[in-house]
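This report refers to the structure that appears directly beneath it.
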Amino acid sequence: MKFAILVNEGPYQHQASDSAYQFTKAALEKGHEIFRVFFYHDGVNNASRLTVPPQDDRNIVNRWSELAKEHHLDMVVCIAAAQRRGLLDEKEAKRHGKDANNIAEGFRISGLGQLIEAGIQSERLVVFGD
Amino acid sequence: MKFAILVNEGPYQHQASDSAYQFTKAALEKGHEIFRVFFYHDGVNNASRLTVPPQDDRNIVNRWSELAKEHHLDMVVCIAAAQRRGLLDEKEAKRHGKDANNIAEGFRISGLGQLIEAGIQSERLVVFGD
Amino acid sequence: MLHTVNKSPFDRNSLESCLRFAHQGHSILLFEDGVYGALKGTRFETLLTEALKSYNIYVLVPDIEARGMRTDGIIEGIKPTDYAGFVDLVAQTKAVQAWL
Amino acid sequence: MLHTVNKSPFDRNSLESCLRFAHQGHSILLFEDGVYGALKGTRFETLLTEALKSYNIYVLVPDIEARGMRTDGIIEGIKPTDYAGFVDLVAQTKAVQAWL
Amino acid sequence: MEEQGVIKKFLYVNRKAPYGSIYALESLEVVLIGAAFEQDISLAFIDDGVYQLKKNQQTSVSSGIGVKDFSKTYRALEGYDVEKLYVDNKSMEERGLTVDDLIVDVQLLDDAQMAQLMEQQDVVLSF
Amino acid sequence: MEEQGVIKKFLYVNRKAPYGSIYALESLEVVLIGAAFEQDISLAFIDDGVYQLKKNQQTSVSSGIGVKDFSKTYRALEGYDVEKLYVDNKSMEERGLTVDDLIVDVQLLDDAQMAQLMEQQDVVLSF
């Protein structure tokens, strides 16, 4: 079956991203397809490559990047939510005259239409938030 | 009177940072001293110079930077919370082998001891969060 | 339909709102801090016991165990499940509603 | 002591916990989504009217107005204030407790 | 933006007050974008979500709480053919609100009707 | 780390459950750092905050919810001379918990005693 996942909260502050990750991993292990993981609201902060969590803690961003690599996940960060919160890729940084970008491997920035499309194209949408 | 301010949430997602800003501004206008503004938990995200809020919305980060400049505010971002969430200055970025940093003008990264010190040295500590 | 509740009933009104709108026969999954609602001996035990007459209620065991509880502390009738079971619940029902 | 409550009483338990521990004569400031507790005609009006017998209760007007309410909609006895008044309240009391 | 004739029932569930957090505003942003996809869209306002529709919201970047007032956008929804706005009657009553307090026309639903609406959906978006 | 002999009463108020959000863990991190400043520290556990002290918490980065168990740190507080842990009795009762369920020794307080404790503080930190 084809799932879509929506993550509404950032890493560490709330469990939403952890739960979404565990759910996504379990769905893949059961042979389901993940059409897209969409990061909205503070969820965009899951895509920052600048995080340095303590050595004895999980690395939420890397965990997503690795899962995406292994399973060719489409991980999309909402552009409007990302701009508000300071999550940029190279193109966005250039467009807004910023001297740095911070997006991690495996994530791409795009519009909210990608969330709607995920709702249409997938058979189930599962929302994780606060 | 000497105040200290603690901000526990990031920009835009919750009103905490807005309220803290309005309170700090009002306190300064009344002639009070702000010993320190300390950013903890997701509050560290208030210090990102990469945010690009919509033109018709307030710019939370710049607002803090400008207030700090005008009143020589000491704005401190908790180092442990910042590492977890991907908020780095140049020194921290170098130390952790990261190729970019994202801290905005007027903020400095330091330890939690600075929060305790603020509690000791100020006459009132006011907490803003979710 | 599957309803998911991730907040403690002591802290928020999500579980109560969910119970107000869920249909007879729907499934409800308690996870994250929502698992506190599934425990015996709390102020909400009666509410949940009553709800079991109308709904299939599930609780996520990894969240129960993380919080120092055990499956034998769960109200009788609430079904323990894991992430794989969560996936099955989603697959089995037409749509999922998250009570955030 | 000044207690601050920034959450809607419909959504969270912060106001109720605050009222359980505040001392007679303490001040309580409702701001952000906490201002909904200060309004006439809601399910919480009785609770607040009762609380006014023991506490000085304030509400932040900018938060009231942002949410489409007016000061004449505030329960009688709850005092409207602004950010400058919030600062004064903090300065006047020994310590502030935020009920997050 | 057409998706080859697939029309699904999308329900946006709004249960949070405006301004205290951004969920109300960013939910509305999804609704506006989603309108272009010609799906069957409904909005439900429950619990503190009913406060999102309160008339006379008054704040701007330079006054009040320093946050822009976005409530007028609800009025623009009609122009996007988003016309099915449903409000939970019990939430209104508990808050002493009537439909006259709201910035847009809505349909008041009782518990059973709201439950029925939810039951019919293909996709439920909650923030 | 001495602050020229100033000793203030610091109260940490914990009202949130562990794991669902990070507040419990990051509050504890402040307590540990704060212990070095030789202030008069008390911790209060109220509402879902009492769950922070529940025995037998079981999760790790590689099992369960994939989050490390930090509850053992409460046991280490004694070594930092943080010994005043107060728990709200009503919160315990509503949750069917007794002191035997908790990972550390605490003092149970009724409403009036907890109110008294709060009243005495110079600085109240809540997360």
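By letter and in written order, the chains are A, B, C, D, E and F; residue numbering begins at 1 in each of them.
In this text, a residue touches a chain if its C-beta (ideal position, glycine included) is under 8 Å from a C-beta of that chain, and two chains touch if they have at least 3 such contacts.
Not measured: the values here are computed from a predicted model.
The minimum number of touch steps separating subunit B from subunit C is 2. Seen from the C-alpha centroid of subunit B, the farthest chain centroid is that of C. Farthest from subunit E, judged by the mean position of CA atoms in each chain, is F. Chain geometry summary: the mean Cα position of subunit C and that of subunit F are 27 Å apart. Between subunit A and subunit C the centroid-to-centroid distance comes to 26 Å (mean Cα coordinates, whole Å). One finds 33 Å separating the Cα centroids of subunit A and subunit F.
Residue positions 19-22, 47, 65, 67, 123-124, 126-127 of subunit E each touch two or more of the other chains. In subunit B, the residues that touch at least two other chains are 8, 12-13, 15, 19, 22, 41, 57, 80, 125, 127, 129-130. Within subunit D, residues 6, 10-11, 13, 32-33, 62, 95-96, 98, 100 each touch two or more of the remaining chains. Judged by the touch criterion defined above, the protein chains form a pattern that is neither an open path, a ring nor a star, and not fully connected either.
Inter-chain contacts, as defined above, occur between A-B, A-C, A-E, A-F, B-D, B-E, B-F, C-D, C-E, C-F, D-E, D-F. Contacts from subunit D toward subunit E in the complex involve residues 6-8, 10-11, 32-33, 36, 39-43, 45, 62-63, 65-70. In the complex of the two chains, the subunit E residues touching subunit B come out as 19-22, 61, 65-68. Residue ranges on subunit B touching subunit F, taken from their complex, read 6, 8, 40-41, 80-81, 111-113, 115-117, 119-121, 125, 127, 129.
Of all residues in subunit C, only 10-13 touch subunit D in the complex they form.
Taken in their complex, subunit F has these residues touching subunit C: 16-21, 47-48, 51, 54-59, 64-65, 67, 69, 71, 94-96, 101.
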